[in-house]
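Mind looking over this structure? Questions follow.
Here the chain labels run A, B, C and D in written order, and each chain numbers its own residues starting at 1.
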């Protein structure tokens, strides 16, 4: 069985493991205050052109999201997010468990627009019963989104302006950031994110680390006392250096972008194969997740040799599914899959 | 200015005040354990044909909702509700502040269907990542709904069956229950609610009390330790008898239904007047809230003499608004309003 | 049975009821934005010499406490309080339910000292693992305390200075404030409280109202968006004027202090009687709660005719109990109790 | 600088790393449902003689504690714990952030007694205002405790009986369980813990793993839906096998106990050296944490070459500090420290 169901089936990029092994018996202080975490934070600040940013390393994405959001909001404030947002539909209500409402906005492609944000804020303040409703105070984006789409720099700038005009924090979930930074057509850099957002995280778990997300905080309100919140929410790793070491391994010589680009190239190869076979997509994108719409019969055939994940039913005979490539995907596995796609789609006239 | 904006502009029905005055200097134990609360609970149990039910009196509706819901749910469980549900859009995220997600379902008329509930439950258990999503465990309905509509007995029975099949609690918010019980065409009784739900509340605040909602709990899981939750959430009134006394006044000789029927008759009078004048409604209903769609120019005229509340924009020139009658509405005020409607709508051909 | 178990056995002072009856059928806007609430707030601002203060009216004390505290604290911050504090031992963990730890400090008489607060703050910042502990951010006092004791003005000034030095909010629970303001030896005024604290509340429920507490906020951080928190926590009364009207009745012509002084005089009468009979007290105080230590045999006798509340066991044969007087206590009932105390204590040599 | 300040200064035991490296490029499903987690769970169930137990792997101790406790308690319930309990003083109020009060009981040696638990339960049910107080529903112990002490089997059996009699869950925090299981005089096994508790965790982070704690749940109420809570609280590791693999490495051939015994032997060596030098201890124990009381001057000398952690001031000239050994401690480092202790204490007559 070849796995295309997600981008976290394997362990870590070998460079990551090497660094963990090499430093294993060193003695350092715990809880993220060791020299490796400091060096990794400094490295990321440099790459983000954000010398004042605070950088904290957390084990996973749900934890990063709930820690940032609960650190930012007062009890009656909520976070605007696309209805497909990970925090809205895929984290078991973790934000609500911290007391905050996710204010979901409709979105076909996983993205929000500056206009939607402005409208939501205006509707709130113009509501004669505004105090009876949750106050929007943060915007949550993912980049790439859960549908693999990307914001353009212009879109992000417009959203950032809207947030600043209305006094909202802008937070970007970068669980798959590497795959976004290296995608065809992407024009957003880490420095742009640091400049335009108040907080974002650079995903390691899905891009070559064993685990780990680097939270970058630029807004002073969010930086203050953030470590208390990490500890309170269970996110302070005793041997914090394990996180710093992994980010050093991924970023000190460009490995992060290199391995993400590898995944994107393979995704493009798959994308072209589907397209050539006449297979439509649920959504167009250029990152490592593909959402082809296939006949259920074809899916049943593919499922014998490949794992992929179910996305949604499209009509009686077709479903959208998700194929992921990753830093670890073997080009040969992709070629085998491409062959089977061509074969199965050729024999299925009625796609 | 004549007030039609809501049904809680005045104090209480005179019988309620009389009882408070008559008992004022009696000494009773506090916190709802006095003889008046016991008598009122017994009275309501009788009216509900629910001798085993627990009845608790709370000051207001938001408090009733958050107390029942937080008593019922474990931390990862959520409550299904219409997207227009009061708990979703009009209680400042109080359910989320207790840690629970409101799982909003689309609804044009404020009602949910048994089918929607079944679909949501089925989608949850069939989701391969079900543990990454909030588990539906309760259904919240309002009867009448926020749009003044009513469930038929058959609809409620179907919803109740769906809930029992899937192991969900069914909870009905009866903030305006009196106006539902006495509406034209209603075929749902308090005994039906007690039989078909696990918890519901009988609204006093909007139907003749100074304040107060009677929570009726029939499911054993909800009855257990409920008073701890009331206290913890700030809802345990020191002089609890004030609540028992008011419900005695309203229910011991039929006043509750009598005054609600008064409001409904006046609402019908208004409804017919709008209809005769060719005014469409946002939603059809038979209770004390009306949602006519009127030209903005007409609304501006009406706003000089009447208060009403804004509901939503319908098109460039028209808005839906809400007019409420109540137990305290003066028929003469309604007649004056009817006259003005006829006059203004006659001169506005293009409604 | 004559009730001395608490100070909320009766309804309201007649002036309160009269005002509710007189205004009953007036139409006002809801949720505390009516002219009566505005007038009451203005009146209290004047009495507090605090023209900039925000005044909000809530139904009960637990609700006032949890609303103020959850509005003030970030998620990892806690509130310092005496180990006997109402929020620590008598509100079913309502503060914890809002996510905050009560940092309990030892106290024999229900009071905290400035020194204890300074020590707690210093210990926090000097702790090498400070981020692994809850950050003290607020001090909760009650005045009178749960043991009926009072802070002197000098003590309050020292505590206020300590709080400001360390960046803590100072919050005073005045559930029985009237009985404190009018106690022998008290030298603290409402204006002092407004000047020295960031928030306090003036208790109505135990001092002549049907229900109601007036929260006075002077710190800008606490004033901002406070109504959202009230609504979210279930504390926004639909017919908010009921609260404003009661505070107007109590404060517009001095009734509040007058009726509290009545209770204190009767408490003094009881206090002298116990003392003359050789009965010791658990704690010395001058307000409407007395904590005599009596032989269990005497308590069993008294319990036949009087209700009082159990406080704690003192030794094998003695317990401390609480007797309360109130604005509604009948002097004749006090005389009867005094007679029985003299009689029973005379025949119990071995007190 | 030689580190004796804690037992998590290094990475992992080499066997742990080897297993991670050997399996690195295997593809497995995520979120703890892979074969390695299943095998590790099965292995631990066997070692615990608990074939019905559920075993879940979490990254850290605070997360394990808050996940178990929030899964177990209803909103108004609290957890009894020693006042020195990690959840009470060293996890930034994480339990309170989940809405629950830690009900702290006094303890000189970090342990609770069955009698204390019974008394607390009895006091709760006998309290006439019991619904105004937090309901005790769980007991939290740590074994070894934060002071390195151990429960005897008889003590644990008595506590377990008390919990079952009163309907409380018993939960044991085994962050340092290995050091307890292999301590001189210990007579408690993992099978005993599985038999006597409702939940406990086997600590990996401090006993040879990079990170990881194995939560063992035996009570059916706690097992149900536990994975939802893990996910909601941010504790579900995407590459869950990293946890399973580590526990396999530690337990499949006895490494866990072997390396813990190593630490205990070195702790005993230190303990004897302190004792021979006439140094008293804050508390007597037999595990890998020592709490000697030393003159501040001696501590200043030791701090030049050794790290240790500050515990508490004992008198003007003496403080208690903590020295830890671990699975990774070098015997030569211990010998060097022993030498310095003998030298410094000999020259400090007045210990």
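Here is the rule we go by: a contact is a pair of C-beta atoms (placed from the backbone, for glycine too) under 8 Å apart; a residue touches a chain by one contact, two chains touch by 3 or more.
None of the values given here were measured: they were computed from a predicted structure.
Taking the mean of C-alpha positions as each chain's centre, the chain lying farthest from the centre of subunit C is A. Interface comparison, A-D versus C-D: the higher count of C-beta contacts falls to A-D.
Note on chain placement: the centre of subunit C and the centre of subunit D lie 41 Å apart, centres being C-alpha means.
Between the Cα centres of subunit A and subunit C there is a gap of 50 Å. Centre to centre, using the average C-alpha position, subunit A and subunit D are separated by 34 Å.
The set of subunit A residues that touch two or more partner chains comprises 75-76, 91-93, 97-99, 131-132, 228, 231-232, 236.
Considering their complex, residues 3, 6, 8-12, 14, 17, 20-21, 23-30, 59-63, 66-67, 91-94, 97-98, 205-206, 210-211, 228, 231-239, 242, 328 of subunit D touch subunit A. Residue ranges on subunit D touching subunit B, taken from their complex, read 31, 70-71, 74-76, 98-99, 131-132, 135, 225, 227-229, 231-232, 236.
Subunit D contributes residues 75-76, 78, 89-93, 95-102, 104, 128-129, 131-134, 309-310 to its touches with subunit C in the complex.
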